[in-house]
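Here is the structure we will look at.
So that you can tell them apart, the chains are marked A, B, C and D in the order they are listed, and the count of residues begins at 1 in each.
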Amino acid sequence: MAIFIDGNTRVLVQGMTGNQGSFHTGQMLAYGTKIIGGVSPGKGGQKVEGVPVYNTVFEAMEKETADASILFIPAPFAKDAAYEALEAGVKIIVLIPEHIPLHDAMDIMSFAKQKGAVAVGPNTFGLVSSGSCKIGIMPNRYFIPGPVGVVSRSGTLCYEIVGHLTENEIGTTTVVGLGGDRVVGLNFIDVLKRFEEDDETKTIILVGEIGGSSEEEAAAYIKNSISKPVIAYLAGKSAPPGKRMGHAGAIIERGRGTFESKVDALTKAGVKVAELPAQVPAMIKEVL
Amino acid sequence: MKLYEYMGKELFDRYGIPIPRGKVVDNAEEAAVAADEIGDVVIKSQVLTGKRGKAGGISFASTAEEAKVEAERILQMEVSGFHVDKLLVEEKIEIEQEIYLALTVDGASRCPVILASLDGGMDIEEVPEERMVRWAVDVTAGVQPYVVREICRRLGVSGDLQKDFIKLLPKLYRLFREMDAELAEINPLALTPKGLIAADAKVTIDDDALYRHPELPNIKEKTDLELKAEELDIAYVELDGEIAVMANGAGITMATLDMVQHYGGTPANFLDFGGGADIEKTAQALELLLGTNPKVLLINIFGGITRCDVVAEGFAQVKEKKGIDLPVSFRLVGTNEAEGVEILKKVGIEAFTTMDEAVKHAVDLLKAKGE
Amino acid sequence: MAIFIDGNTRVLVQGMTGNQGSFHTGQMLAYGTKIIGGVSPGKGGQKVEGVPVYNTVFEAMEKETADASILFIPAPFAKDAAYEALEAGVKIIVLIPEHIPLHDAMDIMSFAKQKGAVAVGPNTFGLVSSGSCKIGIMPNRYFIPGPVGVVSRSGTLCYEIVGHLTENEIGTTTVVGLGGDRVVGLNFIDVLKRFEEDDETKTIILVGEIGGSSEEEAAAYIKNSISKPVIAYLAGKSAPPGKRMGHAGAIIERGRGTFESKVDALTKAGVKVAELPAQVPAMIKEVL
Amino acid sequence: MKLYEYMGKELFDRYGIPIPRGKVVDNAEEAAVAADEIGDVVIKSQVLTGKRGKAGGISFASTAEEAKVEAERILQMEVSGFHVDKLLVEEKIEIEQEIYLALTVDGASRCPVILASLDGGMDIEEVPEERMVRWAVDVTAGVQPYVVREICRRLGVSGDLQKDFIKLLPKLYRLFREMDAELAEINPLALTPKGLIAADAKVTIDDDALYRHPELPNIKEKTDLELKAEELDIAYVELDGEIAVMANGAGITMATLDMVQHYGGTPANFLDFGGGADIEKTAQALELLLGTNPKVLLINIFGGITRCDVVAEGFAQVKEKKGIDLPVSFRLVGTNEAEGVEILKKVGIEAFTTMDEAVKHAVDLLKAKGE
């Protein structure tokens, strides 16, 4: 098992013929991902790594229904592409691009909800169910099957931690990148819930950072609804106070958002918080 | 991008939100002329920071002469480190009550959120939760009259004031959406005998959507280095420590800074040159960093989309062409690691494979230098 | 049983303090409908027929959750009121007003779908589960419990037919008015499906009229999915050809929409079509 | 409300949809002047009906003199019963292909629907289903570029024409939504060497939303009686039979007409005075009907919101004040039936309780009159 995606997940690549799109199509295929088609308007009929390219998502879906789509689309056009996938019936969209306008992101999230779909990202490395399906841009070799579920707000830091696990021969069920933007489709709670339900996931790693209140919300959720052990690492302990969004930001955060507030909330929820990334594998071994 | 108060008010005006009569000036003579036309005025320094009232950046005048004196004084001020270039000279309005009204983005509910309180004014952050109404806006519905009626009910507002709100709030929402604002805040929204008037304006436009608003001016509130970094699409923040840090990815960069501090060092900056950098971008990021004269250079690369050989090559080119004469601690793993390590070796750098080692080494290098 | 609503359905009346609103609040209460509150902005705190009036739907829902709401709201304000009910979580809204702008109706239908709610109307007489719950403006006395499900596009004509049933001592499970506008929330198929699933409904009466293609669509659905006998009456046999919506109307209807086309489609689906309203009771008796 | 072609084109122009250069005129002299300015022109009668081409209401001219002659001719025409008051004098455009494009409302899917075909022109209704692309628009998404790309793919369109479509279709959709249109049809949408140009415009505005568009003119395409009925909010259509019919509710009115025909009579009109009529409205509807000089009057009331006593009272008042000297067949049941029947009795009318009896009686009355 795994969450969200597995070896049967049929994947579309939107923006397949671009540099990023074609490179990562190759990488995902190499990982074993079942890519059934690519979409690049005006490039229909081409092939990338042997995979057929279509002009529209609807055209691709006429040939074979896709379960998920990954978007390598420049930020200004990402909303259009995301809507296309959602209206065509794709139920998981993975939004790789950064710099998607905030209001576009809100629109995408609203439309995804309306269509009963899951949006991952934007500004995410994607997600991978280790050993069976990678829909993202993370380096293939660190993601080996095992009992740990990982959910992270940041990319490279997540690789760093999963890299430490791999060195210690600890594998992962699914690794989910929430994305680094202010408005993202999945939050910690959505993913924690799935890990709790997933039999193969024995323990969970939460990789967070300062800003926003999603770690605090996750802590409250863990306290009430998660029975599996959770280990956390949080970046930003040394960061200077960030720029505030007028008073409104402060009103919304209400004192949450700082490193201390997050560590405090998670600790109170029974989560062990690592001080350094390298400490995580030992902490995992303790609870496994 | 934060807008100056007067720009925010220009937007308010364009969207039909009432603002005081006023004029933007950049010298005392014009301030005097404006005061002469308007009558009793308030003179407000145009700076991108709060607290200007407490800092003396806001003043009142009843005559042209008074306005001139006050304008001169304020134009010589610095408010929280910002120099005052422009003043807004506005009619003094009769405020019966200060209301707080803002639209911003709530990450948790992934949608716009309206914040409203009848306890507006300077101490708004201290207003207790139950005196602040929040409303998450469903973007497909927008702000229809029913939304405003419900907010008014929760505020305890009815009658004419409710009618004013029903007119005003949908306009603020339209501005917020159409202008790609991250924040559109009115504090105070003044209740006057003539109805609601926006006595202040804090509008921040989403940087990622600025390309949709070419009509907006380019407002700079960054240091030259930060601007240069922005040009290069590099996330860069100056800090006041000694070890320059360069990494790929915001999370790992923060974690590197944390680790520097953990091992007793102090970071000189935050520099995240993102994923998938090419040789040139690597070189540019490096040059930017070297320009700040740090004591030690710490590079932490976990290659995913970023290729180790590319980063190493960028580093090698800068080292050979321009010279890098400060101590360097380099961590390099991930995609094309072997090739990268080889390139570094050729320019005399022995790369570490773990972040821990590299950070510890950087702190040791700093300590060695201090001795 | 019955469909959509029953004796437990808690009903709000939006626009309760107006002429229509207060009159029909009395009528519905007299029928036995469980009305838990009314909403009239600015009139909160009043009572109508002993029922408390609130300023907003949210306020009403804070006191007691409503399952359904009926709108006696002038057409220009109906969209706002409908959205309010939907966003507040009401799952059945009954839109009595006529002359709601077409684009407002489309917006309401889209928003209702998004909220997983059912919109009845606009321009409907509402619906009634005989003997237990009336959410509408139909005369009380004709709607007595029995085994017949009725679904109708038009109001008075439906009363006429139900009146004939009542004279013949044949009662109804639920009578649903779809509404006379071009864009309405429920169509024949939605209601037929429910009647098919409802054990108490033994036979179904469909009251249609010329224009649009919903009777033809209903016919196709009946053929494939309805096992219970269906009797139909259609108005408009003698009507002159109506005004056309440019070519687009013709393209959309493609020859459907006429009396003949509807009778033909229904007959082929095994539906018996009455020539006069008065014939319906005898036809029902035959199949009961 | 249907708009004249030239009004539709004014809207197109406002929304950035390309239209031919042209001028609206109401006499031959102005037509000549316009032709002089424009060059080769097409002169189009402005009437609210199709088939003007086949009826001779469209003509071409190359000179001012020709334009004058043609304009004079067309201004004297009647096209399908409509008198020609205005002409649109437009540049003659070079049409490479006639495309059909329309936005309308699809009741079945409860949303706007786009219809598009490369086989535009006069015989569009004959175009086979598979040559006509339909797209149901999700109103929360609107017409984004992906929608147009997909429609283009289904049409088999790519390249520059697709780019033109991506520009044009969202504009037409905006017009359709913002102007509360029931229909916005371009046939033909002309593919010319300069790109797509709307060679015709059929725009119908939703009558129920006209209050939101006070800028639109009031276009009348109804008889005086129909206009009078509209004023009274009564649905009234003139037919050419002999029995005047008055009922409450569209469905039952239609059913009454059907029954009149079923029993061998012919209805003179369709009059639905709706639900909840008061005495005055009943009287007005009745007077409207009597003004048409029918042979027999048939009233069919099933009182729900409509109260029988009120309708009876309205009838009695008209009968007493103005006199009703033609035979009447009256059916009256429902709310306050007893009171209503009593009132009718006083003015000499014996009401029926069933529709069947009342209609049969009306037909009998007509036959009696004929003998």
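The rule is simple: contacts are C-beta pairs under 8 Å (C-beta built on N, C-alpha and C of every residue); 3 or more make two chains touch, one makes a residue touch a chain.
As the structure is a prediction and not an experimental result, all values here were calculated from the model.
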item	value
Chain D reached from chain B - shortest hop count over touching chains	2
Which of C-D and A-D has more C-beta contact pairs	C-D
Distance between chain centroids, defined by C-alpha means - chain A, chain D (Å)	54
Gap in Å, rounded to a whole number, between the CA centres of chain B and chain A	26
Distance between chain centroids, defined by C-alpha means - chain A, chain C (Å)	45
Per-residue multi-chain contacts in chain C, two or more chains	110, 114
Touching two or more other chains - residue numbers and ranges from chain D	138, 140
Parts of chain B lying in touch with chain A, wherever the complex brings them together	50, 100, 102-108, 110-113, 115, 124-125, 127, 129, 132, 134, 138-140, 177, 180, 182-183, 185, 187, 202, 204, 206, 208-209, 211-212, 237, 239, 247-252, 254-255, 257-262, 267, 270, 274-276, 302-305, 333-335, 354-356
List of chain A residues in touch with chain D within their complex	41-42, 44, 55-59, 77, 79-81, 83-84, 87, 110-111, 114
Residue ranges of chain C in contact with chain D within the complex	20, 75-76, 99-107, 109-110, 114, 125, 137-139, 152-160, 163, 180, 182-185, 187, 207, 209-210, 212-214, 217, 233, 235-240, 245-252, 254, 275-278
Residues of chain B touching chain C in the complex	138, 140-141, 144-146, 149-150, 153, 158
